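Just below sit the structures, each encoded as structure tokens.
Next come two complexes, and both contain chain A; in the first it sits with chain B, in the second with chain C.
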Partner chain A sequence: MVEKNGASSIDTPKRFVRLRQFLGDIPLLAWLFGGLISVLVETQVGDALASLLGLPKVPVLFGCVLALKHPLLLPGALAYVSVIYIATIVLVGKITARPFNLLAEKMIQWPIVIPVAIHLITLYAIMHVWSDISLYRELTLKLTLIAIMLTLSLNIINGYMGEFSCSHPGFMSLGAYGASAIMVLFFVNDRLFGKALLPEALGPFFFPIALILGGVAAALGALLIAIPSFKTRGDYLAIISLAFMFIVKSLFENLQFMGGARGIKGQPDLANLPTVFIWLVICVWVINNFVRSTMGKALNAVRDDEMAAEAMTVNTRRTKMVAFLFAAFWAGVAGGLFAHTVRFINPNTFGVQRLAEVLAMVYFGGLNSVYGSIVGAVSLNLLSEMLRPLALFKWIIIPLLLILIMIYRPTGLVAFKEFDVRKLIQPKHKSEKEV
Partner chain B sequence: MRKGFLVLVAILVLGLALAPCGWTAQKTIKIGINAPITGDIPKVGEGSKYAAEMWLEDINAAGGLEVGGVKYNVEVVVEDNESKPESAAKAATKLITEDEVLAIVGPQASSQAIPAGEMANNYGTPMISPWSTNPDTTKDRPFVFRGCFLDPFQGPVVANFIKEEFGFTKAAVLYDVASDYPKGLAEVFKEAWEKNNGPGSVVAFESFTTKDADFSSQLTNIINSGAQVLFTPQYYNEVALIVQQAHELGWKNPIVGSDSWGSAETVKLCGEDCYGLFFSTHYASAGATGATKAFIERYNKKYGYVPDDVGALTWDALRIVQAAIEGTGGLSGDLKKDREKVKDALAGIKEFAGITGKMTFTPDGDPIKCAVIVRISDKGEFEFFKSVCP
Partner chain C sequence: MSLLQVENMTHYFGGLRAVHNFSLDIEPGQIRALIGPNGAGKTTIFNLITGIYTPTEGRIALDGEEIIGLQPHEVASRGLGRTFQNLCLWRHMTVLEHVMMARYSRLTYGLVGAFFGTPRRNREEAASRSKALELLELMDIAHLADQTVINLPYGAQRRVEMARALASEPKILFLDEPTVGMTPEELDQMLGIIRTVHQELGLAIYLIEHRLKMVMELCERIQTLVFGEVIAEGTPEEIQSNPKVIEAYLGKEAVH
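This part shows the complex of A and B:
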């Protein structure tokens, strides 16, 4: 655990130990409550505080964009962030730690669904209030949540199964095109598919079905590639899957009734924040259960040694197939949500660049870990938004960061860590003894 | 630790004391530029940015923008869209909600202009895309305009020009099937040509995929088809390869192109092979007169190269925005209402004299303007040959 703080913990371990001791007794719910209070405070006094600190507006992404554009405002932005977020969260968390610990102790005895629901509702409330302040925050948040789904689904193949698959943008585009085609065909008066077949009011009810069908389309695509490619391993699978990505891309470029190179626009605006959040929760829950099930363990066995796994009665072929299709399905769902968030797709969106992004998020965050996928997707997405004012230099800083991560933590930031919900929500009194 | 903390606090306080100056000054109008500074087409982003810088210089030299008797400071906010659709949407949203711009100029390419236009229209902010030719960009979006003519106009212009100039009846087309713009234009051209010369008069309709570099099989088909002219609406890097390979294979007839040829790189890459060829575009840099000439010379002096059509169109788009803002007759300070006013003023602009021609917007937000046929001279300059008006 001490290693988490890297090099600095060697010079000054005491400071961090003390900090951890100080914060160690705050349970997750108290953190979330602190977050909720801090975003509520921001909506109430954010504008006033910003103008008091001489900022033109409430800093949108933790002050980074502002500070990079106008370096003189850096102290103001820093002060804003530390007052609104850091101070409020720590203060509220610390004060409410005791009651929430008691609550957590009680909750852990209830059926797991109830405490999890309470946590999730609080988390959603934070996001909702935070993104309500600016539409830009909302869009960034939605795309970040979608990126988490995508990263997580790729992590099944590249992390848990240990193969290097490059076909994820292909699956994503199958899902995006599938869901878009259904929604546009039925609910939008459009140049491509003509008049809407059903009244628009039915759209929200059909949207989940369209997303699932998009996911199924992606899974079918995955089946096509899985049959020939699972006779190979390693580099060969990477090449075959890369080829698949290009095939899908040029398929959509040549499918005139799907818009060809011009793409599809005008998807109904249904991917709002709650929808994306609910899909993400389902995705994390299902994938987490999958990788912790017998199937997930079998998958790890296949990764470590396929022959030995086979000898230990693991049906390797079936395991690999299921995992591959499963991952493709979620990539397809993420693609569908992406299409309905941006409300425009064209084949070029799902090219090599997207592949590089997703792979970077997986390897940055950490292989074989749900935490890692969340960390990777969130940090790379926010980072790339926050460094936006740097234009070209952004593309020097982010890859550099990736290289450093690969040198110092070759499997990513939070690799091989199990996502245990029970452990997350338990009370935190006893942790002091551990330290 | 404590000492470091104290120093930090001291710096913060000092910084805070110094920072607030400059924020409470004069009233400011912000104009957003949504351009591909990084990504696949950085040259386009650079052209847009430079044009915006020059425009801002002019405004500042005049001491600001005068609207309804009040002088406003003008600030240009350049946002990078990485030439990605979702990033363009984010950049547009950021400009609208964070920077609170009055109007947006850009994005340039259609695949970014369509999603960005969606955001601009939803959130009621006027946007002009100087360069996007896809009809979807402005369709059913009252807040979105464009600065260039559309493919359904350009295709017939080229077809008619070839007919009048050479009197040919058989044409061949070579285009990139995977790229939105060439494909659309190739189809429009084919339709127009067959309308003029009867069905089957496009004797070869050959395609390739983006990043292909060898066109010999398509070109051989075209040569064997007995076509008298080749139309290829490609970008500069492909134009050079196509023209050179066609000549190597023994093609002697004219090759005609579209506005995507209008980059300084075309001649640089293509060399003498391209001399004497024709293409349709927004403006001709060589032999330009008046304001166009002044713009080209100023740009060339400042940045060291002759601006291509993106720069000129962006310049015009900015000037139209300026005219619209001035035409509102006074801003209320309420951003939502002001944006609405600017939109109405934009829609009402008649016969705006831009450096790429006169323009009037249709109700869809597309301009009615003339196309120019350019001949690449024996010195490699883009020479005005003819102007075709709708």
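This part shows the complex of A and C:
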């Protein structure tokens, strides 16, 4: 660890080293606390500051949309972002670094659940306060969280297992249609499924079940792909899974009782921010557990040398099947959440464009890494929202960015890094860094 | 009863007869070697016994149990460990992960454990870890446990592979040219390692080797394979003086 820091500081410019030293002793909880303070400040003085800086309203996504629409407002937006977010977070983080380091030292002794819960609650509070300002923020945030689930589940196949699967939109649509059909059938008066069968109050209790059933539907779909394509290695999976995606799409286009090409709309509004957040936490927790166990690492063994894995008692076929179904399950759950967030789905939602988005997030963020998936999903998702005013040019800038990543970091931004919660929340000391 | 018994094994690749009428008997704790010129079919024999190929004819029994038709991982978990000629390591994994991976078939926590991190999983992973560290200690590479294997020198990689093969707790160990590409110094170390493994763990060892020094020092019995057929079998001395072997394999070297 120490060696790595030393090595990387050689090739980074001096300024960054100094910046890293300056910020290096702030523990995660202090960062989160700073974030919380900054979003609270925004709710209090955001409007006043925005009008002071000549902005029409509070910049919704870090001022980017505003600045692109009216370039003259760029300085105002920059000033807003640096005062409200950057300055506040750094200032609060730096001031509270010492007490939070002491706290972190204590917390690391406790059972891991307690500090993790504290961090997650703080993180959720930040999101809640931040997204309270506008509905658009809330929607963007929810879609970003769902994108993390999708990216992470695809990373299991494309990153950890090293195969190339193109069927994620297909799994997502199976989950979305499965969950939507159940919820609409039971809880909504709808032209497709008729009168609601159960009182609406039961909806929130059935929602998790519907999501899980959607995930199971996706996993069953995955089984159809897995049986023929895992007999051998190579490009078969890519081809079969691409075909699967199109089959699922045209299946839903032609199933009239599922709405046909017009899709299903009017899903109950159950995927609120806490629900999505909780599902995301469960998803990250379970996937991270899996990929850090020997059973999960068997995927890496299969990817790097399948024959050696077999010779070392690893049941490679089972390993691949389990991982594939597991990934499809989470894609299905993400699809169900997506359907209930947007509250309208049709077969076109799950086409090639979505595939391109998910693949881009996986390869941008980094293969074989939970961090990578989070980074990739958040950055690309926010970026594509922020660049929305550029319309068509968005699709020039984002691919260009991807090409640059492929040139300079072929495996993605944060590839092959283990997501170790304990390491994440441990206290940060300057002296350690300088050794 | 012998530990590994191969009877009249024959294998064809299409019309090519790669192995013909091969028989083998290994007793517990024995070290035996298979020598032969390049392309004689030595590695094919390894792959046939370990289950990567299925022989066209013949039978193979490990510890009295028929193993033909089993998947390679099933054969491996019944007690047959192996190393590879060209170091089949997993390039993105650390040394410790390599050795722990070979204990895959001994994990009983199942998918529930893997997904939810149950106490049972933590217990088993911890046990597997300490066992792996023991083996790394035995191979003298415990200090490299957290290194990624591709960063290691060749000799250390060989040791990792050996530790990995031992981690599945085999009864018999197949070594496919364990000293290929080694300097004389490394070769001596390897010899030491194989001896340690043999003495401390009491394993039977079956090895393919090109370097006769190694074979002559280690083995009790040697088979010589030429074009898929065993042309001679016996103690090192017998093999060295066998005219057929000299003709086919040792050739001019023995004449000088």
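The rule is short, and it goes like this: the second predicted complex is superposed on the first by the 417 of 435 C-alpha atoms of A that agree within 3 Å, B and C clash if a C-alpha of one lies under 4 Å from a C-alpha of the other, contacts with A are read in each partner's own complex, and residues count from 1 in each chain.
Just so it is clear, contacts are C-beta pairs under 8 Å (C-beta built on N, C-alpha and C of every residue); 3 or more make two chains touch, one makes a residue touch a chain.
Because the structure is a prediction, the values reported are computed rather than measured.
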Which superposed partner A:L78 touches (first chain B, second chain C, both, neither): first
Which of chain B and chain C A:A308 touches, first, second, both or neither: second
Partner chain(s) touched by A:G203 [first = chain B, second = chain C, both, neither]: neither
Which superposed partner A:F416 touches (first chain B, second chain C, both, neither): second
Partner with the higher number of touched chain A residues, chain C or chain B: B
First, second, both or neither for A:G63, with chain B first and chain C second: neither
Partner chain(s) touched by A:F344 [first = chain B, second = chain C, both, neither]: first
Contacts of A:N300 with chain B and chain C, given as first, second, both or neither: second
Which superposed partner A:V286 touches (first chain B, second chain C, both, neither): second
Of all residues in chain A, those that touch chain B in their complex: 15, 53-54, 56-57, 60, 65, 72-76, 78-79, 134-136, 139-140, 143, 191, 250, 253-254, 260-263, 265, 269, 338, 341-349, 353, 385, 388, 391-392, 394-395
Chain C contact footprint on chain A (complex, rising order): 286, 289-290, 293-298, 300-301, 303-305, 307-317, 322, 326, 368, 416
Chain A partner contacts - residues on chain B that touch it in the complex: 1, 11-16, 18-20, 23, 37-38, 79-80, 84-86, 89-91, 93-94, 96-98, 100, 110-111, 114-115, 118, 122-123, 134, 136, 139, 177-180, 183-184, 209
Residue ranges of chain C in contact with chain A within the complex: 50, 52, 71-73, 76-77, 81-82, 84, 88-93, 97, 100-107, 109, 111, 113-117, 121, 125, 128, 164-165, 167-168
